[in-house]
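Sharing a structure below in structure tokens format, with a few things to ask.
Chains here go by letter, A, B, C, D, E, F, G, H, I, J, K and L, matching the order in which they are written, and residues are numbered from 1 within each.
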Amino acid sequence: MRILVLHGPNLNLLGQREPNVYGVQTLDSINQQLHSQAQALGVEVVCQQSNHEGVLVDWIQQAVGKFDGLLINPGAYTHTSLAIADAIRATGLPTVEVHLSNIYARETYRHHSWIAPVAVGQISGFGAASYRWGLAALVTYLQQSSAHSPST
Amino acid sequence: MRILVLHGPNLNLLGQREPNVYGVQTLDSINQQLHSQAQALGVEVVCQQSNHEGVLVDWIQQAVGKFDGLLINPGAYTHTSLAIADAIRATGLPTVEVHLSNIYARETYRHHSWIAPVAVGQISGFGAASYRWGLAALVTYLQQSSAHSPST
Amino acid sequence: MRILVLHGPNLNLLGQREPNVYGVQTLDSINQQLHSQAQALGVEVVCQQSNHEGVLVDWIQQAVGKFDGLLINPGAYTHTSLAIADAIRATGLPTVEVHLSNIYARETYRHHSWIAPVAVGQISGFGAASYRWGLAALVTYLQQSSAHSPST
Amino acid sequence: MRILVLHGPNLNLLGQREPNVYGVQTLDSINQQLHSQAQALGVEVVCQQSNHEGVLVDWIQQAVGKFDGLLINPGAYTHTSLAIADAIRATGLPTVEVHLSNIYARETYRHHSWIAPVAVGQISGFGAASYRWGLAALVTYLQQSSAHSPST
Amino acid sequence: MRILVLHGPNLNLLGQREPNVYGVQTLDSINQQLHSQAQALGVEVVCQQSNHEGVLVDWIQQAVGKFDGLLINPGAYTHTSLAIADAIRATGLPTVEVHLSNIYARETYRHHSWIAPVAVGQISGFGAASYRWGLAALVTYLQQSSAHSPST
Amino acid sequence: MRILVLHGPNLNLLGQREPNVYGVQTLDSINQQLHSQAQALGVEVVCQQSNHEGVLVDWIQQAVGKFDGLLINPGAYTHTSLAIADAIRATGLPTVEVHLSNIYARETYRHHSWIAPVAVGQISGFGAASYRWGLAALVTYLQQSSAHSPST
Amino acid sequence: MRILVLHGPNLNLLGQREPNVYGVQTLDSINQQLHSQAQALGVEVVCQQSNHEGVLVDWIQQAVGKFDGLLINPGAYTHTSLAIADAIRATGLPTVEVHLSNIYARETYRHHSWIAPVAVGQISGFGAASYRWGLAALVTYLQQSSAHSPST
Amino acid sequence: MRILVLHGPNLNLLGQREPNVYGVQTLDSINQQLHSQAQALGVEVVCQQSNHEGVLVDWIQQAVGKFDGLLINPGAYTHTSLAIADAIRATGLPTVEVHLSNIYARETYRHHSWIAPVAVGQISGFGAASYRWGLAALVTYLQQSSAHSPST
Amino acid sequence: MRILVLHGPNLNLLGQREPNVYGVQTLDSINQQLHSQAQALGVEVVCQQSNHEGVLVDWIQQAVGKFDGLLINPGAYTHTSLAIADAIRATGLPTVEVHLSNIYARETYRHHSWIAPVAVGQISGFGAASYRWGLAALVTYLQQSSAHSPST
Amino acid sequence: MRILVLHGPNLNLLGQREPNVYGVQTLDSINQQLHSQAQALGVEVVCQQSNHEGVLVDWIQQAVGKFDGLLINPGAYTHTSLAIADAIRATGLPTVEVHLSNIYARETYRHHSWIAPVAVGQISGFGAASYRWGLAALVTYLQQSSAHSPST
Amino acid sequence: MRILVLHGPNLNLLGQREPNVYGVQTLDSINQQLHSQAQALGVEVVCQQSNHEGVLVDWIQQAVGKFDGLLINPGAYTHTSLAIADAIRATGLPTVEVHLSNIYARETYRHHSWIAPVAVGQISGFGAASYRWGLAALVTYLQQSSAHSPST
Amino acid sequence: MRILVLHGPNLNLLGQREPNVYGVQTLDSINQQLHSQAQALGVEVVCQQSNHEGVLVDWIQQAVGKFDGLLINPGAYTHTSLAIADAIRATGLPTVEVHLSNIYARETYRHHSWIAPVAVGQISGFGAASYRWGLAALVTYLQQSSAHSPST
């Protein structure tokens, strides 16, 4: 089982600036934790980050046939990118959306997600741990889906 | 560490009717799984369900001093109860909000949560597993909070 | 055939105060008329009133297996209770919604009903007679449904 | 006592097409049932259908002095015709509004009725039976109104 | 100089019913006053009433080449008919819009006029006198327009 | 019979600048025409202009007992001054609102008038002639009101 | 294959007035072009125009069994007529909606079409050529539909 | 003269938690101050708190005939309970609404009160003193009402 | 302790006109009562009224260093004046806002106050007594503030 | 005459996945059909696809001087990209917008197009044939434009 | 070249109170800096402040013929005064709008400016330096305008 | 001191097309002027343009440690890119936003800027000179910031 992990815009800055806001953990560190967790779960993860909406769409499209699921933190594109949502919809890739911060405790314009309606589920507010529970939830979801008939 | 698990209105019907919609798992079964998971995590859980907004507020208030955190699926009150949100705000009880279904893939009026802004985080869309990741996330959050200075 | 009749908040005040607004007929009198009408129709009715949203949800849940249909005047909860609507949706109890006054000739906030989308139909504006036509319509609906295949 | 029954646009298609949506009952059949019911109630009904907003306004105006009440299913004009509502308001003809489908369970733009605020009451969702309860409710309303002082 | 006077839906009921609301003056009486005033002004008026949006559009179209201006009280179609506004726009007929009542002191949905943006001006609130000032204003406008270069 | 004529902000610039927009007629010229018309009607007019909302409120208050009616072009305060509307409401001075331009053919924010709901009527779009028909309409209204019982 | 072509309100004025806005081509000329094109395509067209919403609804209803498809430019009724949309929905007649002008480059209230959701497709902005591509598209659609199973 | 004092949800937590937000004064202390003030004013007060919307409705209904006025801080139900507002409306109990905090300086969703339109008046922002001025204002209002004819 | 009392537009008309609406008490009478109450409380009040937004802003600015608090009924400027709110914000003068009528039981546009968010608190609906409780509340607030550290 | 054909995000997936939704025709197949049609029309087409908003803007800019017109299906960027609309506006390239599906029969957020106001026209709902009619319409438009004076 | 500098309400308080918010620089100091800058630029400035909307309108009107341009910080009137905007529009005085604070980083109601659409440009967020760049920009604009044909 | 100057989408077209709209000055010319101005101010500027949202985000991120401030004209991304705003927020780079045109005098959708709330200030409407005052303002801001403690 192979999982694609996508980080959206500005997430590459994690840990480098404003540690009081973004925490001291870097994106590399999060990715390493995901690799460790994946190993423990017996799955494989590939982690990529881009500030480009189009690149994220490209990667989601290219994941078809290569990955079984998508774990995505779309960053600011959560709130502005219908193209990414359409890519998930079109590829049918089972997707879990995660957010470091609790987006519902922030500005109103961060309460709406274009991605959520096409995702299996959404996890927000647990910092780097959002990725952890997201990966666990996605793997469990995929295991149950493959055990039974494909869900809609 | 003691966790209060609250189920809101109509969740007592789980598994009894409309299994194609709500799944075949009953609320008792979910509660038993939470107890097992709690035991494995070395924490204690108490699970309660009510159809009454006021009872849920009562229970949250009474949890002060007896519980370290709150795992709540507020059901329909997610979208209509400021009183429950105020109870969480007033008691300061660390709270994780969970939903069986992906509320962002449903009717628009289910996209707004009064609870989310006062919760640590929100997990929705993984069926009964939402509770599972919610409990894990809450316990991890509480362990980290007690290890460090109290978070805001 | 057994019909549960639920009266929502403040309907117990009928006939006791402000007769120019609410008429001189008490809720007891309406209930007695419903019993007489039920007898004539060969069905049984049980009438209950509560000011508590949670109690109304409890009663709707408990009606499963005991009643064949629900005749409800949700009073103010018509406009604020998603929990009652979800209870009707979850139990699948065929429901007719009635209102004494014509809610569309009153304040704008009384024009929206959470209950209507999950009801078979709605009757408003005929005073106590709204219950009368509501009971007749519900019984006819149930007779036709049982004669044919179950409707959705 | 004479009752005018008006059917709005597209209701003449009933029973001829899409029986799974509109049922197998034709408008003629509904009209015949209304005539039978009227005979049983000791009143007279005249049934007319038009696709023209202006014709419906004409008929409502011409009903003054000839009819005691109006039973109307305004079809699509329910949601777009202030002219019909003004005709009812100007003539003061006691009016009951009926709908075959539960308009509150359909598209949002079908939730607003221009007619409802000027009607005695509204009945929706019971198929052809909506007319039946509507006629019964209108006749009862007119009998009570003539027995007492004229209502506002 | 020839002026077409158009009365919209329900204005034919003037003076016949609800004199406390609509006054005791009939539409015939208003038309006679307009004829007298026209004679005094040395112009000709033709007065017509219809409850049909389409008929009003027909008449406006047919006025081209036969009339120099249009005095219109569009009644309820003021607030719902883009077709009448488009007819005025397309024919380029100089138009004055009048209302018996002060539409800005009534329900909010009567505050918006589709006709006003394509009219020379609007007069509302003076009862039958709104027509009087409207005719005077239209004739003056046309006299000034013909004296100078055509206005836009 | 004495009529107070009030001109709101920027109307003192009439005829001095942008004649293609505002016409070549100055405010003095309009006032002189109103005086001539008043003489012909056998009434007296006093004309005043101010750019100050407070001054306009003062003048309306001071008109009580000295004037029988108010002819007002509130200029930009039409759209922003509840204080002027409240002054008219509080003094009960019969008021006609006039506008040089057709405010409904301009920017959306000029479509709402705070003054209109407390005026007898409104005339807009006839240039300086709006004042002329406004004065005529006000005087006629006052004559009819004094001849009969006071209207509401 | 027979196609009904319906032109809505004010389209009969084409070419007669404001040629700089509406072009010099009359509706007759457009109809003749459609007849020529139909002949070339081996289909038959019948072209009708009305300013009456009700007449357009009548014609759509009467087309059932006589025509295979509908090409409609609903004019102003595009934006105000639910009745026409319901007629198309009820008859199930495959429909292509066309507009001379690009309605999305005009006033905001012309951006919403009641007809579009029940049409196969919409073509706007190409002047008289909108009809041409609309007829071609409709005929192609009908040929493909009849060749295969009926599309949804 | 007897006054019912009702405290809504979460007000029982006053003084026990978050003293920097809610102050150090407990609800018991507020109630004692109200008793002292009542004694000084020569009236009687009964103070009750509930987290249940339905219980608050029950208490308001039961106050009829036993109490002369209602002093209420509806807490979160201020913003969500039409049922409580309807209870006040239906019982006709003269009511003063009070709030500890200035609700207009807080979140937008706390700016709307369902209760205010059915109350005599509202006092907000003075902490525990809001109750004090509320009781004084209610008693004065009731004394003046009983001295004169009943107010509307 | 010195308190500035400001009355906004049209409040100078109190008691002179429409006594059934505004009561028989004049503004002078209210001011005299405030002076008596102030004497009893051992404070000084200065009362001023203006119809000018700018004058009210001037007076608030000039109060700095001369007055300890502001009691204001901003009249219509409550709903339209950000300048007055900014003056209170900029001067930091502790302010209590009062209204004679219950503004929440009136037109929707009177429900929003620009002043409330910068006031200590708001009292509305008690007629002239609103000033009385407002003065008492302001003096108590100032006494407590001076006894402790300055509030924010 | 040279036409640039641009396909927006996710259109490269056509025919590869979800054939029941997107049809079995691939983007290559559509491009080949366009080439054939172009040859028949005596024009040249160049077809390009990108998931990148910026790349689409680049291509539109680079088309200046190389292409005579633009045929674009902007995919999801239809609804979110002002940058693409500005590129078309800035380059002045005559543009036809096409959509495979009827965007007005889909989610509300797909009803608004940033591109439409700067396009000559829009064609939606005819599947791959939308491109076909779009190319024909664009070529005809360009031929007519070059034959006459440039249209606005 | 002569420039009128207008400061709106509450700007006279600058530097006197809340230096942490408004800075320590007084309005006099800003005016002196503007005089020095003007001297260096070879232009003349006259600086005036008022809390009165009407006075600001007066001054703008009186500037015609005496000043070449207007530099204005309208303070709170930025967001509420159409009268000031109309004065600028009517006089045609080239205007630059400045703000000390970044109004787009403050409350939502400060994001809309009535003045901006009639200004040459807007500068906000640079504290006292906003005036500096505003004066420089206005002088440059005027120099370029006088060198070439008058801009629109 | 080093300043990064970023030009958003379509700004590379300046001076090449539509000189009446965009002026005759090319982007190169603007950049050269900025270089000259920078030299005069003793700072260094690097100017870059991209049509890609992602590239702009990349450049802002890469500016950290290399540049002291950012001067940006985000073009169309002003109104649609939360990602660019988040990049500025995350990097903390002092930013001045400039616009050639007065965006508040254009379409409503150009009035909202995602960038403004995270910028020091905004300058719009002065054509190429907007950059000039923007660079001056940014350099002054940075000099003052480095002279004192860091501003928030």
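Basically, contacts are C-beta pairs under 8 Å (C-beta built on N, C-alpha and C of every residue); 3 or more make two chains touch, one makes a residue touch a chain.
Keep in mind the model is a prediction, meaning the values are calculated, not measured.
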| item | value |
| --- | --- |
| Shared chain contacts [subunit G and subunit J, defined touch] | none |
| Shared interface partners, meaning chains that touch subunit A and subunit L | J |
| Subunit C and subunit J, separation of their C-alpha mean positions in angstrom | 55 |
| Whole-Å gap separating subunit I and subunit J, where each centre is the average of the chain's CA atoms | 63 |
| Inter-centroid spacing, subunit H versus subunit A (mean Cα positions, whole Å) | 49 |
| Multi-chain contact sites of subunit A, meaning residues that touch two or more partners | 52-55, 80 |
| Chains that touch, pairwise | A-B, A-J, A-L, B-C, B-H, C-D, C-H, D-E, D-G, E-F, E-G, F-I, F-K, G-J, H-I, I-K, J-L, K-L |
| Contact set on subunit G toward subunit D in their complex | 52-55, 57-58, 61, 64, 80-83, 85-87, 90-92 |
| Subunit D contact footprint on subunit E (complex, rising order) | 8-10, 12-13, 17-18, 22, 50-55, 75-77, 79-80, 109 |
| For the subunit D and subunit C complex, residues of the former touching the latter | 102, 104-105, 111-113, 116-126, 129-130, 133, 136-137, 140-141 |
